[in-house]
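In what follows, subunit A forms one complex with subunit B and a second complex with subunit C.
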Partner chain A sequence: MAAVRRGCPCGPASPQSSSTTLQADMAKYMAKTVLLLLFCQGIHADTTTSPESDPVVTTRKAAPKGQGQVIIEELAILTPQYIELLCNLTDIPNNPPYMTGYWTKDGKEIENSEETINRNNAQYILKKTFSIQARDLGNYSCVFRENDARVTFVLQVPVMKDKRDKPVVSYIGDSVVLVCKLKHMPNTWNWYKANNTEKELINVTADPLKYKILLNGNETKLTVLNLTEAQSGKYICSAEFDIKASESQVELKVLSYTEPLKPFVAIVAEVLLLVTLICLWEKCSKPKHSSSTADDVYSEQTSKLTHDESNGVENNTTRQRKLEH
Partner chain B sequence: MPPSASTNLGYTPPDGGWGWAVVFGSFISIGFSYAFPKSLTIYFKEIQEYFSISYSQIAWVSSIMLATMYAGGPVSSILVNRYGSRPVVIAGGLMVGVAMVTASFGTSILHLYLCVGVIGGFGLAFNLQPALTIIGKYFLVKRPMANGIAMAGSPVFLSTLAPVNQFLFDQFGWRGSVFILGGVLFNCCVAGSLMRPIKIPVSKTTEDNISPQTAGQDESKPSGCSSKLNQFIDISLFKHRGFLIYLVGNVLMFFGFFAPVVFLAPYAKHQGVDEYSAAFLLSIFALVDMFARPGTGLVANTKWIRPKIQYFFSFAVTYNGLCHLMCPLLPGYIGLVVYAVLFGLAFGMVCALLFEVLMDLVGAQRFSSAVGLATIIECGPVLLGPPISGLLVDIFMDYKYMYFACGMMMLAGGVFLFIMNYYNYRWLKKEEKQRNAEELQIFSTKELGAIDEEIKLSIEEKLKD
Partner chain C sequence: MAQEKKKGGVLPPDGGWGWMIVAGCFVVTVCTRAVTRCISIFFVEFQMHFAKDYSGTAWIHSLVDCTTMLCAPLGSLIGNQLSCRIAVILGGFLASVGLVLSSFATSLEYLYATLGLLTGLGFALCYTPAIAMVGIYFCERKALAYGIAMSGSGIGTFILAPVVQLLIEHYSWRGALLILGGFVLNLCVCGALLRPIILKEEEACPLPVDSECGYSVKPPTLNGGPTRSAASDAKQRCFQSMQEYHFLLMPDFLVLAGSFLLLASGCSLPFVYLVPYALDVGVGHQHAAFLMSILGVIDIVGNITFGWLTDRRCLKKYRNICYMFAVGMEGLCCLFIPLLRTFVWLVPFSVLYGYFDGAYVALIPVVTSDVVGRQYLSSALGVVYFLHAVPYLVSPPIGGWLVDTTGTYTATFFLSGFALISSSLLLFSVAIIRYCQRNQKKNSLSKIPKLVSCEGKQVDYYPPKNKDLMLIIPATS
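Entry: the complex of A and B
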């Protein structure tokens, strides 16, 4: 499937692409991946960075499979930059001398992006450099027209993966801590409270008794103190990057203390009921026993160790005395 | 066949009837005692954020609860010896319920340590010991079966409490959940009310009826302060050969007993398995455990195993050890699943027999004291085991050395128990023969004495004539 296998028999170094150390790496992997290529039009994704003169260009490479197989590469963009996306198609039967490829953004073909690719040692390389600003973020795909092989690069700000889809529950008068974490460190964090469609920035200096914000690099914590029911709702944490902000939201539910009291009272009532029933059953079955066996003396057995101990000792000593005779 | 040392009860246990209701009560008590501390860990992340503390600080809550539960054993034994099982379990249920309710209002982690850890731990101790003791009072012939069923409470409750706790947490947050769990724990009182004290007939010739004391027991006279202590708890157990064997074997075993459970999921993740599959391994383990316990009880009850039940226990411990030694050798996820199944079986076997063999060794009368003393001594290895294993993992950066170490400890315990029990059975047999010979002598001297008397009387009569 879309298992990312290392190694890609990329063509000879083009002026814009990799440094020599990376070529050495690729040569190493080439040997391993040749076998894989025999079985499928393998996808190999290599991320290589190529330092360039101004502007800094990052190269991302991937190789598409034939129709049916969807290859997706997720790339985190923190700053506005130029990025070169490269698609490397291999293993085409018949090996035609050239193929045509074009690029799409968010599903729509980019104008004037179609180009003819000449065969290069049984590979077809389609590449394009994009200037990425905030409005340019999205899904970019390279498509080979002949066999519809494509790779989709998802260009976006870092996304907070471990979101809480269930609301955080707390109580009136209590406090609560909301946390947001990211892999990449943003320039700063901001917290908002959502009122229907609007966002209201939470300002700690304006409300020092209500809110506390902790900024700790990759993570941020918002402490809301002295909760009231009105403070229920959606809270949005926003990680500000150069290019755009990444947001995640958490829902807070503030309950009154009577909420958990209801199931608690129900359970305690059930316990009392069962205990009463069991005791009643025991009392009812008692007279039956005592009436039928009036002769025997019954006693509750509470194991008295002293009684047993002394019994045992007496037994042994009396036996010993008898033996001595 | 060496005798099982439990015939000095002075009455015949019913082996059924209300006994099964008592087993159900014990099932509930044991289930709460073992499963509850483990199921609390679901709330730890949230509580950690709330109090702004580190993970090890919150983990202390579980450790304190477990430690107090084991250390409270002797206290529980003393109370059971004096008042019987029922009042102690009801008191324990009330304690742990109130502890949880108080904890839900806690304002610092210290509150949680005290309420959940100390008071909750004692409450659970007051549930565990009496639940085990009363089985010995109601069952003799079917006792291994009853023990197996009662011990199955632990995995059943763990599998139930885990999703219930998660549900409560989603609905009510950690405070509300702990509050409601306090109510749920009051059900221990229901379990306690089922533990009816057993009624025994007190006949006048009790001295003759009481069969000779448990073989292997030293017949030393209690003197001074030890005799006073003996009134509360049976210290002379420390001279009981069988009890000492059990103690040493168990201390060795417990060092490597719980760590593999704790590290099963992290080990799986380390091997590259995803989170859900790793959690699934634990579910497989719990499921196999659930059925292994009553199954083992059934097997232990058969006429082939019951007389040599100590060997069966040693086998279970050794099998556990072998399982762990093999674990690092099994490849891939399938290997892990096989390991989880085998380990679940082994774990269930040991747990089902753990207290049955103690009852078999010391007898139901002294079991209450024995289990109290045993748990407080086992407290050490139970608490030290997982952290030491964790240390091994950290030092070697590999789980296989931890598994080897645990396997070796359990193997050592198992082999020790095997060998020592072989000798113990032989010595018991010898002592039984000796006792029978003595009784025969006593009986024959009695008879001779009686015949003497008769002859004297007849001679006197003849002389009168």
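Entry: the complex of A and C
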């Protein structure tokens, strides 16, 4: 059993299989919405290929024991709603007249969810409507007993993917900007400072000189001004949705200026040392040069005389004069 | 001091202290080119802190590059007037001060001034004199020495990029800039290494001089000799005085300058647009970054191996041709990019392009010194890098505009490829013309000029590269 991206027709097109739109009713708290997700069996685990399935291949994939084809679909839930989840199993060899399937939530089988599915044009469709509230968010899976393959729907509030696992570093007296971004727009953003296990809401109006919060739809920026050491710690940005809040945390470290100054001073000392050494070496090697160049000069002079007699004497004298200096 | 000059004053050492000069130039290249490239790692931090967008921060990198190149003639001027050593030490100090000051930045404009202008100026003062010094100290193995020295930018970027990233994580961008300022202070150490040397020809000595580079040598005179050497003794300069900028009027140099302008227009585009193009055709982020790493590493390999290759006796006469070949091949690679649409095909492109890019970079100072001669090398290099400045700055935005208007990267890469190929063709056509002219003259001349090689022991035939300035020296044995 494989999942195919929505919008892809599979096999004999049925009304349900072709409609792959996600409808969500945002207006009311207990509004009824029907979410139809169609899953067809594809050739590969890659979900974007069209399902002109090769039976042999899919059977092979579903066959290995303990290694069912596991498809994971992530769904972002913003408001409480009813969702219908549908799994469509195709291309089973032997084509038994019926199969049994059940649903699990977070790994545990949901009571009374087991159904017998009759074969319908070589397809087995298992569907169920769930009412999703804040406490109902989790991983829902449809499982066919005869087959190891399963599809898992991850129902959760939008999660901030680009988390920064390294702490943000700044200096005393400086300012720092902390950013949180999401794909979906929340109702509002809130910032908290974590003190051990407690969260303390950051109120800009109470501390206008210390904090500035910018709310910009999909992203929010917290600017902390005039940093002190005490302001190090964890900051939590919380995106409030109707159903639940999505949180992400950033750690802030405030250093004093002496921290980077230490390597800097070390490098400057090394530079001064090297420059002194090089100058000393150059001065020391000068006397060595004077003794060796004398020999060079004399050997040069003998060759010079053969080349240019007229200048030879002159140059000899100039060279000798220089040696005396 | 006179004795020391005498020892070095015979011939270019081609070794000995020369290798320390190469090491110094290597570190200079690391501290200037590699640090400039690593500045872009700070952009994300600047954007977050100053709440500006990418284009605002990208100006910093452009400013540093621009200032470094535009002020290159100033660097060679100071190197001529004072000494290379003082120029590099001064430059190192300025660059370091710029970086340290920028760690206290309160606004993006402040960063433009400290990081962009001050540090850029410091780099400019270091870059040209250090490269010129390598050319002074080496003759036989000049290309290899330059290859090793120039590989500093590749190796430096390779090592510095993760180090800078680590510094930013631990100390945030302020601390990282401060420590980088300390690191750049090592330029002063490199400056201390650049021991001045007076070469034989400056003392107007009658011994067979090295005219492989083909510059003019004053015939030894009775009066000229002692006074010139005394003047050199007194000032301890490494080059001729600055008034001799007349190499600028040399036709060969003008052609070379034109080809450099075209080269600089084309060479920076693939570096900027390879990753966006790769992402556009569907290559993953990791693979695209890997392409750039391949480019960087092969660049280093190209620097050193091509330098070593063109030092071989058989290839030395044809160094110009090798340079044209490297640039032409690079242009050809660029023209093929639009056909390469998968990662598997882009890897050989990266390898080839990186290799030839490293190759021509190592040869730029060599080709320049072949044309203008050792005396004017410093000033000429200043002018060469100055010519690089404006095309470097202007071509990436033009490439970006082409991408935006045409919707594909084809036009940009074609622009780059054609610029590189025309740069190579310009030199090639002039070389052909010279060859034909020389053949005509050869038939009319009775005596063929014999040029002496670097060691003064063997006599080699070299096609005169610079007919305007070459003095025909009677063969000595």
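What we mean here is this: the second predicted complex is superposed on the first by the 227 of 325 C-alpha atoms of A that agree within 3 Å, B and C clash if a C-alpha of one lies under 4 Å from a C-alpha of the other, contacts with A are read in each partner's own complex, and residues count from 1 in each chain.
Convention: contacts are C-beta pairs under 8 Å (C-beta built on N, C-alpha and C of every residue); 3 or more make two chains touch, one makes a residue touch a chain.
Keep in mind that what you see is a predicted model, and the values were worked out from it rather than measured.
**Student:** Quick check on the superposed pair: does A:Ile72 touch subunit B, subunit C, both, or neither? Answer first, second, both or neither.
**Tutor:** Touch status of A:Ile72: no partner.
**Student:** Examine A:Val204 and indicate which partner it touches, taking first as subunit B and second as subunit C; both and neither are also allowed.
**Tutor:** The answer is neither, since A:Val204 touches no partner chain.
**Student:** Is A:Ser170 in contact with subunit B, with subunit C, with both, or with neither (first, second, both, neither)?
**Tutor:** both
**Student:** Check the residue A:Glu282 against both partner chains and state whether it touches subunit B (first), subunit C (second), both, or neither.
**Tutor:** both
**Student:** Let me test your reading of the model: by the given contact rule, A:Ala122 touches which partner, first (subunit B), second (subunit C), both or neither?
**Tutor:** A:Ala122: touches no partner chain.
**Student:** Who does A:Ala134 touch here: subunit B (first), subunit C (second), both, or neither?
**Tutor:** Touch partners of A:Ala134: none, neither subunit B nor subunit C.
**Student:** Name the residues of subunit A shared by its contacts with subunit B and its contacts with subunit C.
**Tutor:** Common to the two interfaces on subunit A: residues 166, 168-171, 174-177, 179, 255, 259-261, 263-265, 267-268, 271, 274-275, 278-279, 282, 289, 296-297, 300, 303-304, 308, 311-312, 314-315, 319, 322-323, 325.
**Student:** Given the complex with subunit C, which residues does subunit A contribute to the contact?
**Tutor:** Listed in rising order, the residues of subunit A that touch subunit C are 166, 168-171, 174-177, 179, 255, 259-261, 263-268, 271, 274-275, 278-279, 282, 286, 289-290, 292-294, 296-297, 300, 303-304, 307-308, 310-312, 314-315, 318-319, 322-323, 325.
**Student:** Which subunit C residues qualify as touching subunit A in the complex?
**Tutor:** Spelled out, the residues of subunit C in touch with subunit A are 1-4, 6-7, 10, 48-49, 51, 100, 169-172, 174-176, 178-179, 181-183, 185-186, 188-189, 192-193, 195, 205-208, 220, 222, 225-226, 229, 233, 476.
**Student:** Flag every residue of subunit A that touches subunit B in the complex, lowest number first.
**Tutor:** Against subunit B, subunit A makes touches at 166, 168-171, 174-177, 179, 221, 255, 259-261, 263-265, 267-268, 271, 274-275, 278-279, 282, 289, 296-306, 308-309, 311-316, 319, 322-323, 325.
**Student:** Report the residues of subunit B in contact with subunit A in the complex, numbered from low to high.
**Tutor:** Touch list, subunit B to subunit A: 8, 11, 49-50, 52, 81-84, 137, 170-173, 175-177, 179-180, 182-184, 186-187, 189-190, 193-194, 196-202, 206-207, 210, 212-213, 217, 219, 221-222, 230-234, 236, 365, 368-369, 438, 441-442, 445.
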